[in-house]
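Following this line, the structures themselves.
In what comes next, chain A is part of two complexes: it sits with chain B in the first one and with chain C in the second one.
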Partner chain A sequence: MTTLGRALLIARKDLRLEFRTRDIVTSAGLFALLVVVTASFAFPTWGRGREGVAAGVLWMAFLFAGLLGIGRSFAIEKEDACMDGLLLSPAGSEAIFLGKLLATLAFTFVIELVTLPIFVVLLQLSPDGGTLVLILTALLGTLGLAAVGSLFAAMAVNTKTREVILPLLVLPVAVPLLIASVEATTAALGGHDLSSAQPWLLVMAAYDAVFLLVGMTTFRFVTEA
Partner chain B sequence: MDTKLSHPPIPGAAPTMTRAALLERPASRRVLGALTVFAMLVLAWAAFLFAPEDAAQGPPQRIFYIHVPSAWIGFLGFGVVFVASLLFLVRRDLRYDAVARASAEIGLLFTTGVLITGPLWARPIWGVFWSWDPRLTSFLVLWLIYLSYLAMRQYVPDPMRRARFSAVLGIVGFIDVPVVYLSVRWWRALHPDQVVFVSGGPRMPGEMLAALMIGLAAFSLFYLYLMAVRLHVSRLRDLSEEDA
Partner chain C sequence: MPATGGVAIRLEDVSKIFEGRRALDHVTLTIEAGSYVALMGGNGAGKTTLLRVIAGLAAPTLGNVTVAGVDMRRAGPGLRARIGYVAHDTMLYGDLTAEENLRFHARLFELPDPDASIQRATDAVDVSHALPRTVRTLSRGTKQRVALARALLHEPQILLLDEPYTGLDEAASAMLSAILETFMQPDTTIVVALHEMSRALAGPTRIVALDDGRLALDRPTHETEDIETSYRTLLATGGAR
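Right after this comes the complex of A and B.
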């Protein structure tokens, strides 16, 4: 079985677990919704040129909801030494990393797909032609976040203050990703099509590729006993 | 009793030393310290007296002679963290972790210096303390990565695990810095900056360049000296923990 095949098995395990408990999608999803709604009161999300503010609000919500979900996904593996079991299995650390990443990508992307239309309606935005760019941005941005987040969450669950340390590690490293996703989202919310957001989508794709590779090669160092 | 130590040797000393020898300050470090002080004095002379006053910027330009060397140490420090992190993961020797930690602490110190001297210069020259210029922003992010690197170390009690985690963070952070720089440059390129940049002219007189070189040399010596002191302190701490 290929690495990808083993990764899909692990992702399927996580998705089955999530389908039965609905822990992560409900808690992180509600969190994303709450951030979006409270931020709409906190920031000037009305008037002309509000797409930039809206994009920032949206990504703050996605970022923290994503971190919440990724942290939870690794906390589960810590309980009853599940991670040790995974590491003892013939899956290999690359496959474990990819599997956890794909599962968290799926959870977070589902949350985003639910939050996006509510957000667009609440803020009276009309992405129209930018809808495809919006979804593509969410996917690429979340992939990068899941790559860095999965690597660091495996570290964070083994520290004294699990919950606090994860955003502390991820946020500085995620700066390029945040810049690119906010810029692409601003263009998309303004109704622009692929051409205007293209450089930012490329930045995100490059970031994703780099940190997928770094995560796959270094994951074994953060999980070894 | 001979104590095997898990930290890098003090320059010029044997890797395994007796307890008594460890408590002494080695002569090589005193020489390094003296050289650093001398180089700093030369730098003060070069920066204030030798280098001519900038025609456009006037006296504020002189902060350049400590600002750029600080930035150099900020990069050097993180480069050393990166190399020591790689070496730790390959060799599994805690001495490399001690080097990475010491280098991160010193790097944070000098990066803080960059972020203080930069705005001090920018206020009279650009008219604002801060601008989201690619280099400034990259340094701010570098500073944050240093901070999170050192903060994370506080939360992992087991030394080997701490070293592994730090090494991974050191490598990820190092790879991230150029990505930050490029993305911020694009970000600013698409949003033209409102600040009027008063350039000191494209060419730098020879005296200015000489003063800058003296600054780079002096700060590099300072970095080496601080590394030696920091590594010595961490070995002494290990020793006191063994006694306890």
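Right after this comes the complex of A and C.
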């Protein structure tokens, strides 16, 4: 079996667990929904610059919802030392990292799929021509968050205050990704096409590539006690 | 099995330091294939750390660990498939059924016939009845047996067990002892961490005791009287410290 095959096996196991408990999608989804609904009342739905505010709120919601999900996903592996079970198997640390990342991506995409249309409607935004940019930004931004989040969650899960530690570890490192995501989303919500968001999308793609590589090569050392 | 002329596990001057404390202190130990070793010692003596280092779950701070002739720093999937490990924790997902847990591990180990492997492992530990039940709903003893089935699923040649009798009633303990006796073959190796000397003398052929991370005793179990005296002295000295 290839590394990707083993990763898919681990991701499927996470999805099966989530389907049974609905822990992650419920808690992180409700959080994201609460943020966008509150923001839609707090911020004006007209005037210049509202796309920028909307993009910032949206990514704050995705970031913290994602972190909630990633934290829970690794907490499950901590219970009854399930991570040791994975590490003892021939799967390899690269497959474990990729598997956790793929599962996180799936959970977060579900949350984004529900939250984004509601947000666009509530804030009376009309991305129109920017829809493709919006989808690409969501894909690249979420991939980056999942990669950096999975790596740091594996570290944080062994600490007593993992819920506090995880955002503290991720946020400073995620700043470049968040800036690029907000800029690209601002362009998308303003109805701009791919060319205007291209530099930010390239920054996000580079960030994703770096953290995928770093995660796959260092995950073994991060999980080693 | 081993490429090193019958040596299953070799630790050379191994130390493990956690937050400034030496959990293992210059341990040198050789375990031949076909051995059934009882790992003894009081609380905090370093038994769990030693098993985790052998299993490749913890890297030694100093020294070398070789399992089946392979340096654990270079352990690949092939070597991991030869080790079975039963820890304090069950390594089972509470919200999956016992069968889903075992099937997941069978597929991770790429077993050619997962159904047959699950059947064989669960029959061996008499836990087939629990297969459809969610692990969270099982008793401690049944969970422990499912955990043992998980460790036996891929027919490992080296079985490491960390105080596996904890939480088991007399009947389950007797069954576990019988399973371990059955598991023993000329090419298989068992290292079991234990608390009670009576259990160490019942099946294992060798006793290794740790005291404060150091190797303090290493004798064959047929030297019964001598071992019991030495171990009591060891615990008394350790307790005084």
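Keep in mind that, in the parts below, the second predicted complex is superposed on the first by the 218 of 225 C-alpha atoms of A that agree within 3 Å, B and C clash if a C-alpha of one lies under 4 Å from a C-alpha of the other, contacts with A are read in each partner's own complex, and residues count from 1 in each chain.
Everything below uses one rule, namely that a residue touches a chain if its C-beta (ideal position, glycine included) is under 8 Å from a C-beta of that chain, and two chains touch if they have at least 3 such contacts.
Keep in mind that this is a model prediction, so the values were computed, not measured.
In the superposition on chain A, contact is made by A:179 with chain B only, not with chain C. When the two structures are aligned on the shared chain, A:6 is found in touch with chain C, with no touch to chain B.
In the superposition on chain A, A:56 contacts neither chain B nor chain C. Legend: residue contacts after superposition of the two complexes on their common chain; A:224 is shown touching both chain B and chain C. Of the two partner chains placed by superposition, A:191 touches none, neither chain B nor chain C. Look at A:82: by the touch rule set out above, it reaches chain C but stays clear of chain B. Of the two partner chains, chain C is the only one that A:21 touches; chain B does not reach it. Once both structures are placed on chain A, chain A residues 224 are touched by chain B and, in the other complex, by chain C.
Of all residues in chain B, those touching chain A in their complex are 89, 141, 144-145, 147-148, 151-152, 155-157, 161, 164-165, 167-169, 171-173, 175-176, 179-180, 182-184, 186-187, 190.
Residues of chain A that touch chain B in their complex: 148, 151-152, 155, 158-161, 165, 168-169, 171-173, 175-176, 179-180, 183, 199-200, 203, 206-207, 210-211, 214, 218, 221-222, 224.
Against chain C, the residues of chain A that register as touching in their complex are 1, 6, 9-10, 13, 16-17, 20-21, 76, 79-82, 84-92, 224-225. Every residue of chain C that touches chain A in the complex is listed here, in rising order: 52, 55-59, 76-78, 80-81, 83, 85, 87-96, 100, 104-105, 107-110, 150.
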